[in-house]
Structures are given as structure tokens and as C-alpha cells.
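Next come two complexes built around chain A: one with chain B, the other with chain C.
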Partner chain A sequence: MTSSDSPAIELIGLTKIFGEVKAVDALSLVVPRGTTLGLIGPNGAGKSTTIRTLMGLSTVSYGTVRVLGLDPAVDAPQIKSRVGYVPETHLMYRWMRIQDVIWFAKSFYPTWNDKLCRDLINLFGLAPRQKIKQLSKGTLAKVSLLLAIAHEPELLILDEPMSGLDPLAREEILDGVLRTTGERQCSVLFSSHSLGDVQRMADNVAMLYEGKLLLHCPVDELLTSAKRVRAVLRDGCVPVWRPPEAIWQCVERREWQLTLHPCSEQLLARLQTEFPVDNVEVTDLSLEDLFKDYVKGRRKLA
Partner chain B sequence: MTALLWKDFRLNLPIAVASAVVWAIIHAFLILTMLFFREGGDPPAYIWGEALTTTNTISLAFSQLLVGALGANAIACERADRSAEFLFALPPTRVWILMSKLILALALALGVWGAHLFMLEVIVPVFGILPATGNPRLAGFYPMMLASSICLFGGSWLGSSLLKSAAYALLIGVALTGAAGGAISSIQVRLKLADTPALEHTYQVTFLVLGIAAFAAGTIHFLRRVEP
Partner chain C sequence: MKIDPHSHVPIFLQIVETVRAAIAAGVYRPGESLPAQRTLAMTLGVNPNTVQKAFDELERRELVESRRGVGMFVTDRGTVSARDNTLETVAESFRRGIITARDANFTRERTRDAFEKTFRQEFSKTREPR
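For the complex of A and B:
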């Protein structure tokens, strides 16, 4: 497979061990070209570790990693020249001005687009003569995104780019990303705790929990197929078994709540015939609700 | 490469400025002292020459610390403020990053040596004094200074590659040079050896070998390390 027809990202059994802790555990994932993947998971799920291995900033304990068909352990400079990366913390040289950091980064990218850079400076309202050490977290994130986008990358990797930003700055950053990915065939992988943003931006979502992949599917399909079910149990009855599709359940007095994925008409019919329930009510879930239920369900199982 | 060199120049600028200021202050102090203590007219030219020789040999000996500081600052300073994480997310290879650091450190070290050599070999002879290379008292001075500078630089470079703190990295360089010199001195005292050119040569070779080995170890560690 050549690097031009290979997936944007391909992970096969990626495992990263720190001491005795498995930060990422046999993670297999493919991000096709031109798609956007939202990587979600609670703190410590292994999102940032995965991203750092993609950028060649962390070693791989086991497994295979391919970014644009290249191995980060061998071809990190080529990958970095074709990938835009926004880290979780923006650690540019504090003594540089914005114009300096742009000139510095520009010198390493043959594909740097000056017009796009100027457009982004205007879009983000940046003052090129301002020093990095004087910038707020939001402005730093914008500079970081500008550096990641202005060389027209084939793949954009964003590690919680909106963390700690006010809603206005988040909106501006989101606009910048959407504009870039909309105008170009750019693949995107971004991790975020802001699940509303993931729902808005991502084609596919991958959920990590304790280093393991819990879920990887298209966002629309997930939101259509997963449902919250509220059933009223008959007096004195309890659910005797848990449907395998239930990712989370809770019984409070006579109310039995379940989150089912996938939820089908047949499953609902089975619930009503096999369980002592009177009334079944089905509601849609947001990505945030689903995420919480997945994590709570896992914690209960643990 | 230009951008990397510019960045490394800016990172080392405080050390370069500090050393230039110290060098200028030492010379200003010398001139003021000579002028203040003149008795019955201006001191003769050879006194100026002697004073300049003494000042610059002492200054060159102390400037080894500056050479060590350049080695110590090379890698550790970017790790200390985590700007290395920004740099390592950019496309340049580790070899280019390291080359830029080395070129800058060597250029500044050469600048320091150049300033001292200019004073000792060009200015001092103007006052009718032998240049340092022709001065029997200083015959072995340059090779010894150069060898110990290389040891200090190599040790500090290794420390810089291993640690986050430039100060601790410099300590490693000082400790390595001090330990090597101290070990040979102890052997000399114990065996009651006289100060011969052969012994001087032993010092120089030891410093050189240790310095080059430490530099190579620091370089290999930096190039093999994946994390910034």
C-alpha cells in the first residue's frame, strides 16, 4: 500500500506500557482519508498517549502504528511535515513574538500557505507583534492551530484543543478547523472532553476507557441506534438478567433505566415479554449522555 | 537550518552577553586600577602588557565555565521550559536540531577563545611583551585550557542530554573535569611525581578522552531518545 492510498491513521494492537500500567491496551483503529474521528474518553483513558505515539513523540511498547502510511518510529520528520498537530498544552518559545513563531515554523514546511496564514491571523484576531508569554490560553490555542493548519496538512491531529477555553474562543477554534477541513480533503483526529463539539465535527467516534477501545462507529449511527429506555417494573419485581445490549442500567424503586446499544424493535419487544415491566418509554440520547452511560456502565462492571 | 540557528542563538544570548559584560568589566577594572595606582607618571608599556597577560590568562581559565555553560544549556534549557515539546512536533530531524545546537555552542566558545587569544597574541606583544605562545611561563597553558574546556563541555553536554536542569548539567561537567584532574593529581602526589611535560600530557589526554566520550554519549542519548 503506498502512502497516498493508505488510511490517514492505522493502529493495529497498539499497546503502551508505563512501568506496570497499560496506558493503551491493544488498540486497533483505522481513520480513512478525508474523515474526522473524535477520540473521547475519561481522563487517563489513553487519548493523549495514543496521539503522542502517532506524532512519534512517544515509543510504542507493542503493535503497529501507521500515519499516512508511514511509521512514526522511522519516518517521524516526514509525518510531521504532512501533519498539523495541536497539543494539549501550547509550549511555544515564550520569548518569541507571534510573528517570530510563525516565521520559525514556516521555515520547516515547504507547503506553507502565506495567504491562508494571513486569513487565519485575521480570523483569530491575532496581533503578530505580541509576545507569546503575554498571550492568554485561548490566544495560544489559536496560534497553535494556525501553525498546524497554515502548511495545509493532509492530517490534522488535535489533542483537546479546546480544553479550558471560554465558549467564544472555542467557537473561533472550531470555525478555524471546520473551515480548513471543509475547504480541503483533510483528515482529522481530535480528542476532546467537549462532546457537543465532537458531535458537531466528527464523522466517527472512538471511545477509550482504561486504554481499551470501547466503541468505534459513525456518530450518526451511534446516535440513531443507542437509546435510553425507561421501564416501570411490576410491584416487587426486579430484572433477573441484564440484556447484553445494555451498556448501563439502574433500578430505583420500580423504575428501571437502561441504555441500550444497539437498540432495536425486537429488543424492545423482548424486554416487554421477558421482563416484568408495565410501561416502556424510549428516548434519544446525546453523545454526552451516551459517553457518561458507557463510562458508568464500565465502572459498575469493574 | 537558519531558523534553528537563530533560535539557538537567542537561547544562548544571555550567556554570550553575560560573558562579554564580565570580560569588559575585568578589563575596565584593570585599566582603572592601573591608572589609579600610577605613581609619578604613566606606568611603562611592559607593565600594561604584564597586567593584560595576567588578566587574560585568569579570564581564559574562568571562561572554561562559560564553555561548560554552553554545553549545559544546549539541550536542558528547552526541556526545562518544555519548549522542546513544541520543537519536536515540528519536522526538523534530531540530527539537524543537534547540529544547530553544536554549531552555536562551538561558535560562541570560539568567540570567547578568540577574544582572549586576540588580547594575548596580538595586543600584548604591542607592549613589547612576548606573546603567550612564546612565553615560557605559559607554554603549556593553551593545550591544558583547551583539553579541560573540552572535558567540561563534553560532561555538561552529557548532563544536558540527560537532565532538565542546565545548572545540574554544568555540575556534571565540573565534576567530571574536577574528578579527572583530582585523580591524576592524587596519583602524582602519592607517587611523588615531578611536574614534567609527560605528566602535563597525561592530564591533557585524559581530559580530551573523557570530554569526547561524554560528548559522544550525550549525542547518542539525545538521538536515540524518542520523548522530547
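For the complex of A and C:
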């Protein structure tokens, strides 16, 4: 058995190669126990591949993966019994009723909690006699989440749990996840395109781009330390260098815009002394804007 | 209580501000408890760690104090401190307006005129608070 002080997830130099393509490229990341990590990145950034590796569903080309201190290549069955997993597409026998699927799943988990299961059925407003093939996308997502959390996992892994759901179903899924983290100190890793959800659920955010880790920090730290700067350049002047903190910049006519992370008073002072600019204006950015700037900044460099 | 998950203001600070305003308004009086961390996390639909972070900040500002195993309670001076904090918030909004004017090369006089014009407009449409 592993000690409970090993991190929930630990990746060291994880690399996954499909043919010529590095889907995941030397990814190192730690998810401490009791924390929630939101994994973001454009389509094809390597989020799903990383998640599948954690569950032992995809092999590793190079690097080390540890889930609750265990190696998915060796201990996949033990990981499955201690981790709740909601895949991108929900795999359930279509001819079964909800109650059959629950009974079926329950047989795999010694830690299955019947009371919690009943609570979740009520919370999600599920009708146990309904057949899987008759369920809407939202209800299917709720059943999938129920199966992942009713056995009281130590770690919950969700691959885009709320994509394509209506606002009400989203809220219910979110409630289910928050209930698990709140009452049981469960660690969570989820991927998402909804940055509002990331801000609500996650302690830390990790951004992937073309298999590489662009950013990994607390959500609050990111929102307070990243700034958009808009300066007016004097006639005939162009910025001669780009500060290393600039994740994105754009010059149009006399307007020079930069997104700086981290931004500091010293950096702003330096910009104003070394560049011929007037009217420097500093504004805050939403997670959405920051994400776009990071990705656009990367594309420009490439 | 409502939070905006798309805002550039970190959620824990949004919670701090909402609770502070509620204390200033007398929703929670000195000696009374705030809602429990988990209850609040569920109501707002946010991570419980985020609520804890907000509670820590409110405690640092001496608006509330934690009693071990019981929860967070408004301090004796909580209401007064929360109202003092309101002054800071108001001053901060004014400061931003002044910076905007300065960036557009407004003179002191023109900035003051702009303030007074806005002031008169706002007070003519809302009734004076008690």
C-alpha cells in the first residue's frame, strides 16, 4: 500500500508520442492532496491524452506518472478502485436501466456508499427505472458522475465534464463535484473549456499548448498578477524590445498593447523610462482574456 | 449573495467584498456567526478552499474571528470596520476617475467640474439616504 502523503497526481517529464507527433511533451506537474486543478488548453493540446495516461488507458512514451503514489502501467486496477473517473464519452450499456448500471458499478467497488448514492439520485433528479438509451446528454453526464463519486474516491478525474450541457445540468454537475470535494477532501483534476467553471472549481490552473505546459499557478495569483498595459507611443517610435514578462503584444498606429505576467511596479516604471510612451494605462484581465493572450502569443512566436 | 465567475476579480476577493458589505449593512451583527464554510461553498457554487481563503482574509482585516470548531463570528468592532472599508472602496472608485481624467490631460479645474456635474446628476435621480 502507498502512504497517503504522496501527492494525488505526480507527472515527471511525461511524453506521449503518436507517430511523429508529440501529443504530450515533457509535462511535469504535481496535484497536492485536497486541491483541485483545472486543466485548460485549445483542442489538441494534450489534455485528454494526459488524462487517459493517468487512468492507464494510454501508455507512456517517456517519463513518470504517479496517481496516489501508484504507477498506472502496473497498478491500474488499484487506481481504478480509488479514483473516480468521468471520461469524455460515457461508456454504459445502452440497454440497461439506471438502477442496473448502478448495481453493476457497485459490484466493483468495496467502498461503495449506498446512502451517498441515494442522495446523488435525489440531487440529480434521476429516475432509476429509466433506460440508458433514453437519457438526454445532461442526464447521462449525471449518471456518469454518480458512478464516479458514489464509491467515495480519493481522487476525481473529469474529462470535460460539462461540455455541451445546458446551464441547469452544468450547475447540477458542478454541485455534485463541489459536494465531493467539500465533504470528503477529495482531490480533483478536470479539463474544461469553460474558464468560468475553472474559476469556480479550481485552486490551481494548468495551461497546455501543443503538449507543453505554458502555465501552472494558483488561479487567484494569476488574476492578480497579470495585467494588460496600454500605452500611447510618441510619433515615429516603435518598441525596440519585448519584456520577457510579455505573453502577448500588439502595436497598432500609436497604440501599444501588452499583456504582462507577472506585472510589477518596477516593470511598469522600466517600460516608461526605456520606451517613448505616454498615458500608460493598466487594467485587469479575466481568465478568458488571459487564456486567449497566452495562446495568441504562442502562435505569433511560432 | 452572488459571484461572477467571469470577472477579473478573484472569487475569494468577491466573497470578501460581499461578506464585508453584508456586515456593513447589518445582515450579520457583532457576535453573530457567518454561514459555515461548506454551506457557503455550496450556495455560491465555488470550491470550499476558496471560501476558506475569503474567511482568512476577513479575519486578517479583523471583521470576523474564528472560534475553533464552531465557525466564523463577527467581531465587536466588525460593523464599524466594515463601514470604514466602504470608505476605501468609494475612494478607490474616485481615484480611478481622476486617473482617467489626468491621462486625457484634464486640468484640476476641469476634473473637479466633471466630478461635480456627475455628483449633481446622480443625486438628482436618487433620493438622499437617511
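The rule is short, and it goes like this: the second predicted complex is superposed on the first by the 299 of 302 C-alpha atoms of A that agree within 3 Å, B and C clash if a C-alpha of one lies under 4 Å from a C-alpha of the other, contacts with A are read in each partner's own complex, and residues count from 1 in each chain.
The criterion applied here is as follows: a contact is a pair of C-beta atoms (placed from the backbone, for glycine too) under 8 Å apart; a residue touches a chain by one contact, two chains touch by 3 or more.
Here the structure is a predicted model, which means the values were calculated and not measured.
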{"item": "Partners on chain A (chain B, chain C) - clash or fit", "value": "fit"}
{"item": "Partner chain in contact with A:179 - chain B first, chain C second, else both or neither", "value": "second"}
{"item": "Chain B versus chain C as contact partner of A:255, first or second or both or neither", "value": "neither"}
{"item": "First, second, both or neither for A:108, with chain B first and chain C second", "value": "first"}
{"item": "Centroid geometry (CA): angle chain B/chain A/chain C, rounded to a multiple of 10 degrees", "value": "150"}
{"item": "Touched partner set for A:94, first chain B, second chain C, both or neither", "value": "first"}
{"item": "First, second, both or neither for A:81, with chain B first and chain C second", "value": "first"}
{"item": "Which of chain B and chain C A:195 touches, first, second, both or neither", "value": "second"}
{"item": "Touching partner for A:274 - first (chain B), second (chain C), both, neither", "value": "neither"}
{"item": "CA minimum distance (chain B, chain C), superposed complexes, angstrom", "value": "26"}
{"item": "Shared chain A surface residues [contacts with chain B and with chain C]", "value": "none"}
{"item": "Sites on chain C touched by chain A in the complex", "value": "3, 5-13, 38, 41-42, 45-50, 53, 103"}
{"item": "Residue ranges of chain A in contact with chain B within the complex", "value": "55-59, 73, 77-78, 80-81, 85, 87, 89-95, 103-105, 107-109"}
{"item": "Residue ranges of chain B touching chain A (in the complex, touch as defined)", "value": "2-3, 6-7, 10, 81-83, 85-86, 88-93, 226-228"}
{"item": "Complex interface listing, chain A residues touching chain C", "value": "34-36, 171, 174-175, 178-179, 181-183, 195-197, 199-203, 219-220, 223-224, 279, 281, 284-289"}
